[in-house]
Structure formats: structure tokens, C-alpha cells
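This report refers to the structure that appears directly beneath it.
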Amino acid sequence: MTLRIGIIGCGGIGQEHARRLHFKLAGAQVVAINDINLAAATQFSEMSGIQARVLDSHQAVIDAPDVDALVVASWGPAHEEQVLACIKAGKPVFCEKPLAVTAEGARRIVDAEVQAGKKLVQVGFMRRYDAGYRALKATLDAGTVGDALLVHAAHRNPAVPEMYVGDMSITDTFIHEIDVFRWLLNDDYVSVQVIEGRKTRNAHAGLHDPITVLLETRQGIRIDTEIYVACRFGYDIQCHVVGETGVASLPEPMSVPLRSNARQGSGILMDWKLRFIDSYDVELQDWIEATVRGEVNGPDAWDGYVASVTAEACIEARKTKQILPIALPERPAFYARQG
Amino acid sequence: MTLRIGIIGCGGIGQEHARRLHFKLAGAQVVAINDINLAAATQFSEMSGIQARVLDSHQAVIDAPDVDALVVASWGPAHEEQVLACIKAGKPVFCEKPLAVTAEGARRIVDAEVQAGKKLVQVGFMRRYDAGYRALKATLDAGTVGDALLVHAAHRNPAVPEMYVGDMSITDTFIHEIDVFRWLLNDDYVSVQVIEGRKTRNAHAGLHDPITVLLETRQGIRIDTEIYVACRFGYDIQCHVVGETGVASLPEPMSVPLRSNARQGSGILMDWKLRFIDSYDVELQDWIEATVRGEVNGPDAWDGYVASVTAEACIEARKTKQILPIALPERPAFYARQG
Amino acid sequence: MTLRIGIIGCGGIGQEHARRLHFKLAGAQVVAINDINLAAATQFSEMSGIQARVLDSHQAVIDAPDVDALVVASWGPAHEEQVLACIKAGKPVFCEKPLAVTAEGARRIVDAEVQAGKKLVQVGFMRRYDAGYRALKATLDAGTVGDALLVHAAHRNPAVPEMYVGDMSITDTFIHEIDVFRWLLNDDYVSVQVIEGRKTRNAHAGLHDPITVLLETRQGIRIDTEIYVACRFGYDIQCHVVGETGVASLPEPMSVPLRSNARQGSGILMDWKLRFIDSYDVELQDWIEATVRGEVNGPDAWDGYVASVTAEACIEARKTKQILPIALPERPAFYARQG
Amino acid sequence: MTLRIGIIGCGGIGQEHARRLHFKLAGAQVVAINDINLAAATQFSEMSGIQARVLDSHQAVIDAPDVDALVVASWGPAHEEQVLACIKAGKPVFCEKPLAVTAEGARRIVDAEVQAGKKLVQVGFMRRYDAGYRALKATLDAGTVGDALLVHAAHRNPAVPEMYVGDMSITDTFIHEIDVFRWLLNDDYVSVQVIEGRKTRNAHAGLHDPITVLLETRQGIRIDTEIYVACRFGYDIQCHVVGETGVASLPEPMSVPLRSNARQGSGILMDWKLRFIDSYDVELQDWIEATVRGEVNGPDAWDGYVASVTAEACIEARKTKQILPIALPERPAFYARQG
């Protein structure tokens, strides 16, 4: 059975997902597309060779009888309304980050989905599908280093554009760690502290960089993450989990070991797009197959909601320079953690 | 367009390729199957969910009008006849190693294909599709270490079964290096020497292990390869290319870095099946797409023939303990190297 | 010229230093020894072959006319009085950690030395003499990674005895980081926070382990150090300095790379005594030579005092769970930092 | 007791050894010096602060009653006569490589020493004192990788001067591997083959570079060594010992791990002088102490002789392009291998 997909939003990531689903992955084809820029959607549909119907509203795509499932890749502020419409139509939806631009908005999606009585929503946290994080999680789950006690992490970019300012370190960058550590540790956060230390001269005026975020989990695990988006030297994602009997780390991306020019070593990626590109394939292939089976087994609406709540707490903690509690309602049984 | 495939030979690798083509990769479906054990073929076709027609001869599969292309995964001695039949039928064929069990047999395939006037045959040398070797080749092609002068390589298995004896170190093991180094270096071999040194106590009686093979290329590059199939510690493939300004190496497979039990480091695979498993997907996806375009851009019949000639020279050099020339006819223009 | 040395305190470290100075290093001999256990001192002097005079008080050793310089290796609470006596006698003294058991005591030594008008005191912070830290400092000083912004560090022991409790994580363990980071960064501390997270089951009842200490420097550099003394897997000292253009790390101790048992990697020390054993030689050889020249160029009384003040602040911060300022008087010109 | 030393030959290495023995190491002082350039010897003696007597012949130094032991650091062709004179005088002598410029000459030294009835000669093969090789040997001796079967080695220099030509790859470069592998493996050589492959454009006209030397030992261990002295990228010494259950390797020299400029890794030395500089200290300190005890426990005259015989066989094998036997007389009981 081939899953027939409607794409809402045809910007960069929407186009990439459309091509991936239609040409590269097995078991799916893109049949309908919408974008606020209809001309661009039409051009993409033709130039790409996908040749899907271009419909004049996201609702039209959702309602199309031959659309089995939706991909929401519009800009963030539109996500809430579009995902709610998918839920209302009873159709599975894969929504790119963020699920909604406020925790309240994400909560409304959670409530609607619970109301509807069926899990339909998956959020695009692709790191859970990265081979490295998966290997690390398998190592932790196997008890190889005992129970986790501490996590030392870093999220480094060589540089960010001028439009990247203020709390985007949290909402655009750290949001990935917020989700992936919950999954990696099977845990939730209870408090947060944000430290702004010495600022690099390489960060532009609107940005305090680097910063450090300290998270505490229900189990008492302490996570420190360096967020450093003007580090110059590479796109460099680090994660070291200190357990009762050892330390397990996220593998480095594959790179050819070189001995040359009085140095030995290997390359660090400069382009963030390459770091998790393979995980998009795994994520969407998994989504196709789960959707065909009528399941959601990736990050769900609850995960999207928790990420929003946590990000808002991070921003508040940064502003107040206090250690702040992260107040989460109990996880509904509807969203019971799987394995 | 979906490529409709006939599978000839439904043992281990045949079944794996059938599932891969039918379920995992895009653009192909398996429509017909044959095996000398028809009952097994039928059972596989049903149990796997592929539900292809089971035909009672390889020729029937080749001749089936809805079969666009063939995969030959029978036992080695059957390959020559089956591939020749595909050529005769004018249908593209992907043939697992070896192309034929003798260099003469491989030569007959080359001659038949040239006669037919169209490249149809691809040989299953999957290492060319391994991400690590590809990254290494890209590094060499970019001139990062200058022209290659020397290659130091190793092919290590933890253990081999009792039925693995005599020259299987060459024909079953080293055959992969024979092909991949030609591709990596854009070169051919001119001489070979085989050294049997101190034998490990862990090799069974019928096997001298380890051995070292020394190859010389047209360009004068010297390649030494340790073949050590009872090394106990892991399936370990090493390749270090020494160039005019540096050394570039094959990356290690991804593994979680661990600090535990007074040691730091990462894992080495024990199961050879895992080492190149991803490259089968890349190889066959690439074959599907090239076949649909009417091309062969992987290892071709000439490559299969050269591998056979080289393997036979290795065996003779081992027997005679001499440095032997490898006499290859000129590469026909028909098989001109691409890029 | 041979430096004639008096040893005060002949326990483990006193004996090691005596043998090192007398037999292994150039330019020094041990001529007089005292210990509160005179019999033990006598036995050591004879058995070791040093055959120094055993005198019945530390004062007698200090006053001996043929003693050019002193080594204080008694237990901590005796250090202050003994070092003060050396200053009074105008003789150079090398004092093992701690300089005094309180910051006040260390301050009295500083005041006495300033009063005496001549630097005489060196404190036994041997990490400054470790080849790895020296290479790291050279890298930082060369500007290779730009100005330091963050330091991520860890001090891990496989296990500690039952008598190791409470704040010994600070006073016995972290004290080394306190000194070495000031030296590494040419900086001083302005605030501290201590975090007690999830406790390992492998720590005994009297010990909360691991803990994390966050230090802030005058320049705004943020240092996080994991102190984890029941980590089981090894004595493992980590230091990663994040700068404006890169990250420089403390090298791992030399260890034979091994591929065996499905793993590749190298060893981690289990015995802390081995980690910095070479640095004791370098430290004392340097001390001998500087002392002969009439100089003190290692960690001085001011460094010992600052370490005490910082350690006390760490302990208070741990108790109060607050971010506490570290209030240091201005560094006297007498103790001006050298290069 | 202080060992009183006479230095014969005050060029670069002679001066270094003189300073090392006199100032840096314990238990030795330099009391007499000779060089064919007496003025230079006088100048060195004064400028260095050693202020030893400058005598007008090597024989005068050997005969000086206050000289307990000799260091021969003159040019190679003078070694044989000078070492023989030391033996005749019954005085211990440390002779820099080579022991003699021909195997015959080395043999005369062996014969003279056996005749004299007392081991007096040590040869300056300093690699045996390198911490890395020692750790590797300890690993092998502990049986960590089982019995050695193969050794893969490399000796790489960034560049060599124009005067480095012809067989200096063997006599000046590979000579170190010849000695150190015998010691590492407790073995001797029985055959050799030399392969000249593709030549780097970076080698000057008088030099074929790189070359590969294949040695076979009595135990059947096969050793391949790449000798590549115009490799450009660094002074890089590699040694990987493949055993029955694993591979143990020579550790890389300590270097600060760096992440910068899109690369991670560490430095490779460019200056060969730095690679084994610490081993000179260990070597000579050990020699001082053994000499005081009346022993020779470093590489002895037999080792020097075997190195010469092996080097001559390498040169002949290179010339003839044959696999040549290495014919060694039985090791005299006088030179029985110690542990």
C-alpha cells in the first residue's frame, strides 16, 4: 500500500521532505501540495517532477479524499491551526518543529488529540532517528555504563546569520537537545538554570554567545549543555553520558582520518544540514510505515508540548538568572511512554 | 517507473536482495523468482510477503515478459550460464560475486557482452558503495594527500568455519580488496607476491593464516594486504593510502565511545554481515536507477573478469612463492573507465 | 653547587620526595630529617640508604647550619607552624599541600613572608609541572584557540576509602583544579556554585558523589568541573578549554593502543599515583634549580592562600546551595604574576 | 658514587650527551674531553660550564686515571678503533651508532670483548628506552595479544638533506628499526627483501623514496616497514604488532587534542630530534647506574654487530631485488639474552 501524502508549506524543508517522500523513500507518494505562495508551489510541483495537484488552501489539501496523511512544513506560527485541522479531519500529520509557537498552543493540540481519541500527530524531532544517538541510547539501555548521573553536552555552530538573536539559542538551537535528552534518558525535566558567561568577540551585537543551560531531571540527572553558535570551527554536537560505571558518548560523524601538514585527525562538519540529513530519511520512512499501520511511534504531540514548556522555562530562567522549576502536568495515559 | 525484477537463486543473499528490492528500496518490485529448490522459493515468496510468481527455471524468469531486469544470486558455478542467458535475452543483470568461477568463464561473459553491443552486466562488489570507501576515494581524488604511493591494508575476520580452506583466503576474502583497490586507485595490477608467515594457533589445520599479499600496480603503487581470518578480535577492515603529502585512511565504522573498566575506546564489529550491510542498499538503489536509465555504472563484466584473473594470479603466486606478473589484455574501449 | 635539604615529615610523600631529591634528581642531597615518629624517621634514613642525620624536632632541622632548604611533608595541621618557622629562619621551603588548613592560616604565612621581604615558600601543586597541562597552557598562550571562554573539566577516581567523606571532594580532590586552572588561565575566581545531583550507588554513605562545581573568573570564563570519586572505571582527569576559535584539551596519558576482544582503544589509569608521578620529578628539579638561584618560580604562598580561600568558598556554596562570591584581597605587588 | 666520564667526540650529539650527563642526570660528571678539533672541544668545555680537561687524543682520555667510563660520539669511521681501545683499557664505553661502519669491524669488537672476558660496550640504540616502545614491549610480554605474527611499521621523515642519498635509508634510518624489533620481539632475522615502489616527486634525484623492507624472523614473524623520508607531513614512527588475539601499537607522542578550523585531531612532530629526546635521558641514566654496578644491560656489542650484518643484507637485497638470507653465527653464550 502506498501512503498518499499532502504537503502543507513548500519552503526549503517542505520541498526537501516532498522529494524525499516521493522519490527516495519506499511506500509513499506526494499527491497534493499547498503553500501561501501558490505560484511557488506550482513551480516546485512541476520542476521537481512530482507533479502533484496544487490546491489553494491547506484545508483543501487536508480534505482531499486521496490524501491519506499530511506533512506540515509551513512557517511556525501557522502550525497550530493546521495541525488542529488535521486532527479534526482525523488524518495523520507529521509536523515540523515547532508544534506550536507557544506552550499554550501546543497544549491545545494535545487536548484536541486526546479529545479525538486517537494519536495522529508526530513532531519532526529528527535526532531520535540519528544512528549515533540511537547507538548511544542502545548502550545506555543495555546498562553498559549503569544508570546515568550526568550529561555533558554541546551544540556548536560555526556561525549564525544576523537575524539569529536573543532567545533563538533556546528556541531554534537548544530545542533539539530538549527533546533528545528526554528520549535518551527516558526522563523529564524539573528545573533549569541558564548561565551567560564570557561572550565571544565573534558573536554579533544581538547575541550573547556562548551560554550554558543546566537542566535537572526527575531522576536527579544533571545535564549541562554549552550552546555556542559562533564557535567558528564547526558544526559540532557533543553528548557524553556519565553513568555509575563509565562514560558513553555520541559518536563523531564519519570522516576520513588524515595525517598531513604536521597533524593527524579527521574533519568536523561546517554545514549543519549535513549532520542529521540521513536521520530525515530514517524518520520519514519510519513515519510512513507506522502511519500505514495506523500508529504514531515517533515524538508525539505530548513531546512537542513538553519541549515548548521547557523552552519557555529556559527563556524565563535566562531572564531571571534564577534556578527555576519546570512545572509539567502529569503525562496523560493517552501518551504513555513506549519502551 | 517501477523496475520489475526477476530473482535467480533464493538462498541467503538472494532472499536478502529480494526483500531489499521489493520492500526497502524505491522504484523496484520483485515479480518472478526461481531457485533450484522450487519448494524453498515458493515458501520464501509467500512467507516474505513478496508474493512473486515462482517459475521453474532460471530461463523462464529471464524470458518472462514482465521481468525488466535480473538478479543472479545462485551458487557461483551457475553464474556464467545464467548471466550469458541474460545477455542473450538483452536484459540487464546484477550478478553476485563471482561473475564466473574461472577467469576464462568471466572472459566469455565479457566477449558475449561486447558482441551484444550493450553493457548489461553489473557485478556485486558492494564495497564501492560503502560510505567509508567513498569518502576515502573522494579524499584521494581531491588530491588531499597527493598521488598514492603505497597502500597498507588488512582484511581480518574473527574466525572462519572448517569448510573455509586453502585458497579461500584469496577467492572469498581478498577478492573484495582486489576489486576495491582498482576502483579506489583508478589503476590495474601488474604483479603479485604472496607471503605465508607465522601461522596462528587459532587457524584450523587446512588453513595457513595469516598471509600477506603484495600487489604492484601499473603506476607502481605497492599494496600490502594482511589477510587474517582467525584473528579472534573482530571483523576489521583497514586501508591506509600513503600519498606524496600525507596518509588517508578508511574510517572506522561508527561505534559509541566508551570509558569503562580501565579502558577507553570503541567497539569493533564481530559479524562481517554488519560491516557492509548499508552498502548493499546503496548499491542496489543505484543499480535500479541506472538500469531504469539504461546504464551500467557500477562494477561491470570487465571488472569481474579482471578480479578473476587477479585472483588466479594470486593463487599461482602463493603456490610458487614467486613474484608473478599479472597479464591482462588491454581494456576494451567498450569498458572505458568512467570518471 | 649541591642544595642540602632538610625533610620535615617522613610519611609516604615525605619518603618519596626524600628519595627523589637524594637519588634521582641532580643537584640536591638530603642531609637532615625529622618526623614526629623519630624511630620511623631513623629507620627510613637507614633503609633508604640516604643516611641523613635524624634530628629530634622540625626546628632542629630548620636551624641546622648545613641545611640550605626545607621540604615540609608532615600532616596538614602542622604545615603553618613549620612554614612560618622556615620563613623566620630565612630558609627556602617547599611545602606539600595544603599550605595551611585554613585560609586564615595561609594568610598568616603570606603576611610573614611579605614582612620578611623575600619569597621563600613554594607549595606542592604539582599539576603545573605535568607535561600535558604544560602543553595545553602553551597552546592557549599561543592563541591557537583564541581567548578562553569556557572550561569543561572532570576529576574522576575509581574509588575512595571510607575515611574520605563530606567536603574532601573539595579539600583533597578539587583543590588541584582550583590551583591549576588559575595558572592555566592566568586568572582568579569571583564566584562559585556547587551542584549535588544524582548520587551513584557506588559511593559510601558519608559521601555525596558525584558533584559539579561551577566557577566564574574575573574575565568571565565559566568553568564546570565534575568531581566523581567513585566512578569505578579509572583515574581520569579531563580538561577541555573552549576558546573563541576552537577547543584545546588536556592530552590523555600515554597508553598502548589495542585492538582485541571486539574493542579498540587504550588504557585508563586506575592508580592516581601514576598519573602525575613524573610531574613530581619536574617540580622538584625545578625547585632545586630555582632555589639555588635564590628564586621561587613555582606556586607560591599567595597561590596557596588563594587556593584555601577558594576551597572555603566552595564548601560554603555547597552548604548553602547558593551562587557565592569569592572575595579575595588584591594580589600584593610582592606576588606579582610572572609571565 | 659519581661516575667520572670521558667524552670522545664533541660534535652535536657529543655535546648533548656531555651536558646531559654532567648537568641533568644524577650520578655522573664529565671530567675529560677530546675531539679531533681541539679548539672546538676547549670552547665547548668552557662555554658549557662543564669545565672538563681537554686532552689531545682519544687515547689520553681513555687512559686518564680519573676517567671511569667513556662515551664515544666521534664520527662513525672512528668508532671501531676507539671502542677497541676502551676494551683494551678495560673501561666501560657507551658508543653512539654505528658500533663500526662494517659488520666485520663490529665483529672485531665482539671478538675483542669476548677475549677480554667482560662486557664493557653499550651501543646507543635509544629507542629501547622510549616510553612508548617500552609500554608496547610490556604489553607483548604480558601476552595481551598472544604471540606476535606480523609487524607493520613505518619510519617517516618530512624531508632529508641533499647529502642523504642511496642506502642511507637503511644505514641511517632503518638501522633503528633493525635494532628495536629484535629487542621488541626477542628474535633475530633470517631473511630480507627490499621493494622500491613508486617514487615520490618530493625526493631528490639521488634518493629512491619510499621503499619497503620485508624482514622474516627465526620465529617466522613477518615485518614490513615503510621507509619514507620525504613524506612532507611529519616525523612519524609507526609500529603495529599483530598477534594471535589482537593488535598492539606504538603510542603516538603526546599532543594537545584540538578542535579548530573544521578539523579535530592532534599534532605530528616535524623535528625528529624531539621524538626520542626523552629516551636519551633514560638511556644514559640507566647506563650510569648499570656501569656503577659493573654491568651492561642495554644494547651490547653483539646487538651492534647484528645490526651491521642485517643492514648489509638489506643493502644487498635492495641491489639484487632478491629475497636474501641473513646469515648470523650463533649468539655466543657471553652475550646471552637477558629476559
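Here the chain labels run A, B, C and D in written order, and each chain numbers its own residues starting at 1.
Convention: a contact is a pair of C-beta atoms (placed from the backbone, for glycine too) under 8 Å apart; a residue touches a chain by one contact, two chains touch by 3 or more.
Quick caveat: nothing in here was measured; it's all calculated off a predicted structure.
In terms of C-beta pairs in contact, B-D outnumbers the other of B-D and B-C. Ranking all chains by how far their C-alpha centres lie from the centre of chain A, first place goes to D.
Once the centre of each chain is set as its mean CA position, chain C and chain D turn out to be 38 Å apart. Taking each chain's centre as the mean of its C-alpha atoms, chain B lies 59 Å from chain C. As a whole-number value, the distance joining the C-alpha centres of chain B and chain D reads 45 Å. Among all residues of chain D, those that touch two or more other chains are 232-233, 245-247, 258-261, 266. Residues 232-234, 236, 252, 258-270 of chain A touch chain D in their complex.
Interface of chain D with chain B (complex): residues 146-150, 152, 195, 197-202, 210, 212, 214, 216, 219-222, 224, 226, 228, 231-233, 242, 244-247. Chain C meets chain D in the complex at residues 23-26, 131-132, 135-136, 138-139, 144-145, 245-251, 254-261, 266.
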